[in-house]
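Okay, so subunit A shows up in both of these, paired with subunit B first and subunit C after.
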Partner chain A sequence: MIELLDIWHSYGNRQVIKGISERFEDGRVYAIIGRNGSGKSTLLRIMAGLIRPTRGVALVNGKDIGSMKPREAIKEVGIVFQNPDYQLFEETVYREVEFALKNLGIENNREQMVGWALRELGLEGLKDRPPLTLSGGEKKRLTIAAVIAWRPRALLLDEPTVGQDQAFKELLMRLIKGHAEKGGPVIISTHDMEFLWKLNPNAVLISDGVVLCRGEFRRLALKECFRSTFEVLPGLAALTRALGLSDPLVDDKEAVEAIMKWR
Partner chain B sequence: MSLSLRGLSFKYRGQNEYALQDVNMELPRGAALALTGPSGCGKSTLLRAIVGLVPRYYAGDFSGTVLVDGVPVDNMSREDIARTFGFVFQNPDSQILSYKARRDIGLTLENLGAEPDEIDKAVNEIAYELGIRDILDRPVHELSDGQRQLVALAGAIVTRPRVLILDEPTSLLDPRSTVAVLEAVDRARKAHGTTLIIVEHRLELLLRFVDHLAYMDRGRVVAFGMIKEAARLIPQEVLPHPSRIGLEAFGDAGLLTVEDLVKRAGGGP
Partner chain C sequence: MALNISRAFVYNEGSYMATFDPRAKLILAIIMIVASLTIYTPLKAAILAIFMILLAAASGNLKRVASSLLFAVPFLIIIAGGEMLISRSVYASLGYSMRFANLVLAGSTAFTSMSPDEFEFVIRWLGASGDFAFLLSATFRFIPLLALDLEQIVQVQRARGVDFSTRNPVKWVSGMSSVLVPLIVVSIIRSGEMAEAMELRGYGVRSKTRPPFRFRFGARDAALVIGGVALFAILLLVKV
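Then we have the complex of A and B:
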């Protein structure tokens, strides 16, 4: 479990987080949403212990992540950054995934763990390629593989669907749910609202450094706080509203049925 | 400007498979193309080939020709290329070089020899259009990834290029900024007759701003044409929800918005 207790953070004299308290339970999937520059990535970095908040504390299973040794902290919380180029530096895809395992001193089953992570992300066929020759989407998949390989309890993903096609998004959705079932919370920050509509996580909408509203994503997307923040609704949310329905249309099938009935 | 791609093929050095295989396309002046396809299918390579980065800066086997208004890109000087094309890479950090956003946006104009007050005016205008006036004087490294994406985009549009090429320009933007960016690009395109190519995986917000659609798979263009015709030839799961729902509910209904769906369902005029 990750708990944020009255987190404040500023860069120079620019206040980006202004008192956020939030609890992320084990076994559940969360999304942090908000406009560009609203502090989402900063919040994830605080949860991973990479940034010390100006005020407040981030607890991981009751312990201040800021006081943990890096080696201890990354076993608890794994983070995948938005920009894959920040975390790729090995000569091959295989070695990139192996890197952290070596650093963590994992000797037993290392090969199996790397193999598993590559398979999970559909990268087996690329294992001998230099990471810098991969496409943008493939790089992103590699950074996810390199983090899940050591199976951190909590998993933080910053914009995991950038550059990804539909097939991969399905795979990612299974991976996210699978990880949450076995371990700590999975927390995603993304603007990919269609992806979130399908995944339907617990969503926290932040705006100007504070939590504006929270709830199950599909319900939240029908609320005024969502509309006033983003102005644009996910396709099925717009249709739900346009048809005057109170329950969200979950998928295309439900939407087709609703339209036929409405005619 | 019109853009012709004739038989483009490319294999990166050391790779076994071709990243591009015999790509042919004709885009009239002012056309707007959405280019999509699975990740790793060659979209970014194609963009690099159009502006001549492939094969100039990427080693490998290249064949084919890119013509801009009938002139081969191979024969153009770097300055001509800089004046003709605006290019936004997937990763904004590959093209942001300055300390402050304002300087960075004006950099290409500066390199092309524009006067300082001319640069200032153009930068202010574009910042207003993209809604980023408040970050102009902030150091670039303090900006979020999405904000840096907007800075890179502003830097590409500010030169008023005749061909604008955007590689997932809105992937890091929230929905509201995405629409603002697409509207700004659309205005610039219509005002200046710019030919536009946008690579995108998420078509739901993009389709109303383009008139052509192409789908690539394993280095080949498997569907290309005016948007309605091409949409029938691409995998349905790539299309946005309203289009798929329309197809299911009303048969072959082409591309629909939520408003269209509701109108159709209500059997309006």
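Then we have the complex of A and C:
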């Protein structure tokens, strides 16, 4: 479990997080949403212990992540960053995934763990390729494999769907649900509302460094706080509103049925 | 005082130094860089460092310039350690590492006090072609971006278990390679994208003219340059 207690953070004179307190339970999927510059990425970095907040504490299973030893913190929380080019440097895909396992001193089952991560992301056929020659989508998958390989309890994903095709999104959705079922929380920061509509995580909407509202994503997307922040709704949210339904439409099939009934 | 490497080489518009004539700032930067390279006795190098730190403090750039030293620390350790192995002299290793620290301080002083635009105008004023001036100012603009990339990459690799505080040299070099390779790759990608974006927006199609910049070289600009020259001369001539 990750718990944020009255987190404040500023870059110079710019206050980006203003007193956020949230709890992210094990076994559940969360999304942190908000407009550009609202503080989403900063919050993820604070949860991973990469940034110390100017005020407040981020607790991971009751321990301040800022005071944990790096190796201990990494085992608890794994974070996948947005830009794969910031990460990849090894000679082969296999070694890229193996890199963190070596850093963490994992000797037993290392080969199996790398193999498992490559399989999960559909990269086993590319294991001998230099990472820098991969396509954008493959690089992204590799960065995720390189983090899930050591199976951190909590998994944080910063904009995981940017520039990715539908097949990758489906794979990512399965991976996210699978990880949450087996361990700690999975927390995603994203602008991809259609992806979130399908995934339907517990969403926390932040704006200007404070939590505006929270709740199950599909229900949150129908609320006023969501509309006032994003202006444009996910397709099925807009349709749900237009048809005057109280329960959100889950998928296209439900949408077609609802339209037919409405006619 | 929270230090931030990504801000160490970024122009500070609000600083007192920013108000000086760009030519005075460029001359001072050149003097400081030349002084950093030529002065190697530890005491003299320390005096030069103190001068640059005081200048940064007086102009409101202390945080940024101090952050540049944070960036230099690993390199200072390598230089001092390498020199100790070669010459077995504490004096020499201190001198060489101080020299590098001063070079970083001089760079930070230059970048925090002069904007890329001002730099381009001075280069043009010196008679350089528009393309050459643009090339230099584009390089100037890249430095803060590079520092920002560096900070991001360090965070990414820390999240993968790289320990940058390790005392084991093998681990340290391995950790640094995990930073340098992505940094070079990102820089190449960015420079390629920038060149393409410029071409797509018509760079080179028409002759490059920019409105003239109005330079104002006053008494305080002269004092800044004279102060820098005087310090350099004293450090060169006085035997310590």
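Please note the rule applied: the second predicted complex is superposed on the first by the 263 of 263 C-alpha atoms of A that agree within 3 Å, B and C clash if a C-alpha of one lies under 4 Å from a C-alpha of the other, contacts with A are read in each partner's own complex, and residues count from 1 in each chain.
Please note the rule applied: a contact is a pair of C-beta atoms (placed from the backbone, for glycine too) under 8 Å apart; a residue touches a chain by one contact, two chains touch by 3 or more.
Quick caveat, the model's predicted, so the values are computed rather than measured.
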item: Contacts of A:A146 with subunit B and subunit C, given as first, second, both or neither; value: second
item: Subunit B versus subunit C as contact partner of A:L132, first or second or both or neither; value: second
item: Subunit B versus subunit C, judged by how many residues of subunit A each one touches; value: B
item: First (subunit B), second (subunit C), both or neither touched by A:I79; value: second
item: Partner chain(s) touched by A:N103 [first = subunit B, second = subunit C, both, neither]; value: second
item: First (subunit B), second (subunit C), both or neither touched by A:E3; value: neither
item: Intersection of the subunit A residues that touch subunit B with those that touch subunit C; value: 11-12, 83, 85
item: Contacting residues of subunit C [partner subunit A, same complex]; value: 4, 7, 149, 152-153, 155-163, 177-178, 180-182, 185-186, 189
item: Subunit C partner contacts - residues on subunit A that touch it in the complex; value: 11-12, 45, 48, 50, 70-71, 74, 78-79, 81, 83, 85-89, 99-100, 103-104, 132, 146-147
item: Interface residues, subunit A side, partner subunit B - complex; value: 11-12, 14, 34-37, 41, 82-83, 85, 133-138, 141, 159, 161-168, 191-194, 229-232, 234-236, 238-239, 242-243, 252, 255-256, 259-260, 262-263
item: Subunit B residues touching subunit A - in the complex, by the definition given at the top; value: 12, 14-15, 37-40, 44, 90-91, 93, 135, 142-147, 150, 167-168, 171-179, 201-202, 204-205, 235, 237-238, 240-242, 244-245, 248-249, 258-259, 261-262, 265-267
